[in-house]
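One chain, subunit A, appears in both complexes that follow, with subunit B as partner in the first and subunit C in the second.
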Partner chain A sequence: MRKLPALVQNEVLKLWLKKRFVVIVLILFILIPIFTYAEHKVVSNHREHFADWRNQILQQIADLENTLSSDRIPEEWKRSRRVAVQQLQYYLNHDINPSEPSGVQFSREFLSNSITLFIPMLVLAMGSDIVSGERTTGTIKMLLTRPVKRWKILLSKLCALTLYVSLTIAVTVILCYLISGFVFGYGGWITPVLTGFRMEGAVIDSSSVHTVPQWRFLLMQAGLCWFSAMIVAVLGLMVSVLIRSTAASLVTMMSAIIAGTILSSMSSSWRSAKYLFSVNLGLTGYLEGTPPPIEGMTLPFSLIILAMWGAAGLFVSFRVFTKGDILN
Partner chain B sequence: MKASHAPVLRVKDLHKSIQRHMIVDKLSFDIHSGEIFGFLGPNGAGKTTTIRMLVDLIKPTGGTVEICGHNVQRNPERALKHVGCIVENPEVYNYMSGWQNLEQFARMMDGVDEERIREVTEIVKLEDRIHDKVKTYSLGMRQRLGIAQALLGKPKLLILDEPTNGLDPKGMKELRAFVHSLADEGISLLISSHMLSEVQMLCGRVAIMDRGKIIAIGKIEDLMKEAAGYVNWRFQEMDKGVAELCRDPRIILRNGPARDILPTDTIVVAMPEAIIADTIARLSSRGIGILAVCQAEPTLEELFLTLTGSEVHA
Partner chain C sequence: MKTTRWLWYWLAACSLLSTVVLLTGLGMVLNDLKAVPAVSETKPSPSAPSETTSEERVSLGNFKEIRIVALGDSLTKGTGDATGKGYVRQVVDGLKKEFDKPVQLLNNLALNGMQTSQLGERLSNDSGYQYAVKSANLILFSIGGNDLFLSARARMEKKEWAMLGMDELEQDMEETLGRFRSIIDQLYELNPSAKIVYMGLYNPFYDLDNLRIASLNMQQWNKEAYAVIHPYPNMMMVPTFDLFEGRIGEYLSSDHFHPNHEGYKRIAGRMLEALD
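Take a look at the complex of A and B:
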């Protein structure tokens, strides 16, 4: 075990020198200002129409109820809209402005929008060639002929990946706050946010709904983001061990994740899809009370399913990596 | 420096089959300290598979590999400590400098400090470029970096798989001098190659592999004595020359692989050395213009023909 820190240092250095993390920070630096500008447009547009945010919410509720009374809207859509109406009503009753713009609020929204697709993509950009890349360049032969057991090599890669995933989440939140705060102000830490929504079929169970300060909400979100990003990283590692070509392993993982978002939007018809990992990635939705993609999914359910996928991924990775012959 | 006690490398009954296809079939050989051992055979003979089994890249189906008394499969951490190797090409991280590469490998071993990295850099004469990105290195420099990497842990056994691939003549000469100096220091070397001439200059003892089996093992001079000589002929008029040559039953036309690298108007024949002078006289007296006659270096293929008594499968 003495060598493990040195091995992790090796892997961290490799990822660093490949400039992967720099690319990710650059992407964030380009995307966040774009979204900040878009959000700014939305906010200023609303301000023009509604002097008071309460009027805006009332208008939203009215719009939603209009669509609910229409026969042409499918039942699945209505379900989520009914929930949305109840939520808005709750905000109104408790005098909480759900979309008061601030740096913290923007970060919160950015995280919840990026958890299913954007953050997994960043994670894969770093990790998808962590093993397959060494195979393509042949350096795996150098790596595995050293007097080090193979499982230690893979573990060091996993550690380095964990480190970078954590760093990515942290940097995303920090950059969001810093960049959007420039426009919306750096406040919003203690704004109350509603959480604790529980779904009982189509009705929202508001008995356990309570408010938490926005900073805590953001922290909870970041934690969930980290968890789902780690599952993606572990599965990416597995695919990287199994598939020799870097391009192929990246495409495999991306399509699995995109398939998840597509299945989520197709909703309820296929019940057993809820056991797929990519359908469960949107963990932050449970905090906000957005209805889950498939009925019967809850936060503990999703956490358990993801953990099981992660465990299976780790098992397969280590098993194949330690036993396989290096033939290329 | 020849030591008589336990061998540095002991291979016993080593075999590997992939999908019931026997790739390597019951190999056994020893390498002693300070010995340069050649591993010879055409491409696809199973050399690389064998070498990969020696360094734990491939798990053997059966048999054992012991390095300095430690079983490679059961105790890789102990056994591989004594081995430096380059399997096929010297693969290093392109996006790092030579120095950073050596640091990477140094961290994976015990007791390799900065001083040792500097030492191996000097041994392979890379001091000037060691801090440049490997991307900018020539193939020869990469090769040297690969050797530096293999030497880091002061190995007792150095395994080089096709070390002269892609080297220019100067690089080859340097490599030869280098290999001999290492052997003088008591390091054992295992060098694989498909070129006999190369092995001839480098190695004391060789094993010749074909179709997964060792078909001959011993001192290279002893093996070479068994090989028949080849002679290359060039004529003004090829057809006449060939017809005339073939009249002598002791002369056998060879359409061996040597044809590929010689000009197409060169005829390769196998014939005893003693009759060359007579044959030239005979052809001249028949008015056949001889442009060139030259004794070819014995090739691996030729050695094979003698050893196996069959045509070499391409």
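Take a look at the complex of A and C:
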């Protein structure tokens, strides 16, 4: 057992030396200023046209309601818009600005927009070749001929991956805050945010709605992001064990995740799609109260489904890795 | 070897720390799921700025800035205007030219198909609407057209217009007028110092022989509505019926119900002429 920390150290340093993490930080350094600029444009546009945020929300509600009366809009879209109207109305009635621009608010927005696609992509960029890469280069034989149990090797890889997933999300949040705060200010920690909206069809059940300070909301979001990123990492690990080629394993995982986002937007007609992992990745939506991709999905449901996929992924990867033959 | 060791320590420390923090966040979510705290149903009605000059005559010239809110149905929304301006935006543009002070359209809250009952309900229950009405000093609105049109259409399913018992339609109109009266009262109560402009109705079917007679009902509505508005010195009604009688082809949009850009321009022109 004493060997495990050393193995984890080895894996962490191997990943570091591949410079993947540096690439991720660079990508964030390029993307976040772009989004900050876009957000800044939106905010200044609103400032120009509206006397204060209440007028802006009122107008937003009126515009949404006008689209509701149109027969051209599909029923599913109307459902989510009705929910949005009720939610905005709730914010208005409680005199809370739902989107007061600040560094914390931007980070919150960024996380909720990147949880389904961007963060999984970063995670896969890091870990999708963690096993298959060793096969391609042949180093797997070196590793497995050492007097170390195979499950320990895989476990050390999993631990290293976990550490990097945490690091990625932490760095994302910190960079978002630092870069966007430069434009929007570094405040907004204690701004109240409403959470706990429950959906029943197109009606919001607001009996459990309550406010949390924004720092807490951001932390909760980051926790959910971490959870869904971990599931992606575990499944990526499994695919990496199963498929020998790095490119193929990357493509497999990416297409699974992209399929999830497409299915989420088509929604409703195929209801059992809610058991697929990639449809459930958007966990932060439940905190904000956006309607789930498929009716009947709730936060506990998604957490359980993801946990089950994760457990299955772990089982398969350990089983195959410890029992399988290493050929080539 | 020494540098890699330090690197490892750093990486391990940072990533373990962030893992712990993120797990705390996840724990908070689970905690939040369990606890269902009672909502404090506080409804702080935001105090809006309003110039309390109810004693003197309300005139746009006395305002430091003009803040406009538009309410009502599709006519106020500007349905039918391909440029999306409607009469509201054209009034705003006209006021900008006419007055040497800031003119801002706070909100155009008009909804397609809105009826008197809906507007009345929002004004009495929706704190957002109340806020908007309180913070404006010029309110433009149109209402009643949908009530009258729907009541007439419901009756028409059975018989020709000319055969319609006038008393049936009149009964509907009486009810609509009652709701209109309470809307006017609410507007005055919410903001007695704002200039309020009501857009009179017109008959879009003037060119159809069998529906031309509906103009008489329309005029009756306009007369009654004017009687409701008249006691309030800060309110005015702008008639529009005559604009559309001879020039339906020019001023109505292709749905033969709403004005087009030119039609709205004429309505806006009337309002600008009347506003002092």
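Just so it is clear, the second predicted complex is superposed on the first by the 328 of 328 C-alpha atoms of A that agree within 3 Å, B and C clash if a C-alpha of one lies under 4 Å from a C-alpha of the other, contacts with A are read in each partner's own complex, and residues count from 1 in each chain.
To be clear about the criterion, contacts are C-beta pairs under 8 Å (C-beta built on N, C-alpha and C of every residue); 3 or more make two chains touch, one makes a residue touch a chain.
Just so it is clear, the structure is predicted and the values come from calculations on it, not from any experiment.
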If you stack the two complexes on chain A, which partner ends up touching A:Ser208: first (subunit B), second (subunit C), both, or neither?
second
Check whether A:Lys323 is in contact with subunit B, with subunit C, with both or with neither, and answer first, second, both or neither.
first
With the two complexes superposed on chain A, say which partner A:Lys18 touches: subunit B (first), subunit C (second), both, or neither.
first
Per-residue contact with subunit A, leading partner among subunit C and subunit B:
C
With the two complexes superposed on chain A, say which partner A:Thr145 touches: subunit B (first), subunit C (second), both, or neither.
first
Touch test for A:Lys41: subunit B only (first), subunit C only (second), both, or neither?
neither
For A:Gln9, select first, second, both or neither according to whether it touches subunit B, subunit C, the two together, or no partner.
both
For A:Thr137 in the superposed arrangement: first (subunit B), second (subunit C), both or neither?
first
Check subunit A for residues that touch subunit B in one structure and subunit C in the other, and list them.
9, 13
For a test of understanding, state which residues of subunit C touch subunit A in their complex under the given definition.
4, 7-8, 11-12, 14-19, 21-29, 32-33, 36-37, 39, 42-44, 46, 67, 77, 104, 106-113, 126-129, 131-132, 135
In their complex, what parts of subunit B are in touch with subunit A?
52, 55-59, 76-81, 83, 85, 87-89, 91-96, 100, 104-105, 107-110, 149, 153
Of all residues in subunit A, those that touch subunit C in their complex:
9, 12-13, 16, 50-51, 54-55, 57-59, 61-62, 65-66, 69-70, 89, 92-95, 162-164, 166-167, 169-170, 195-196, 206-210, 212, 216, 219-227, 287, 299-300
In the complex, go through subunit A and note every residue touching subunit B.
3, 6-7, 9-10, 13-14, 17-19, 137-139, 141-149, 323, 325-327
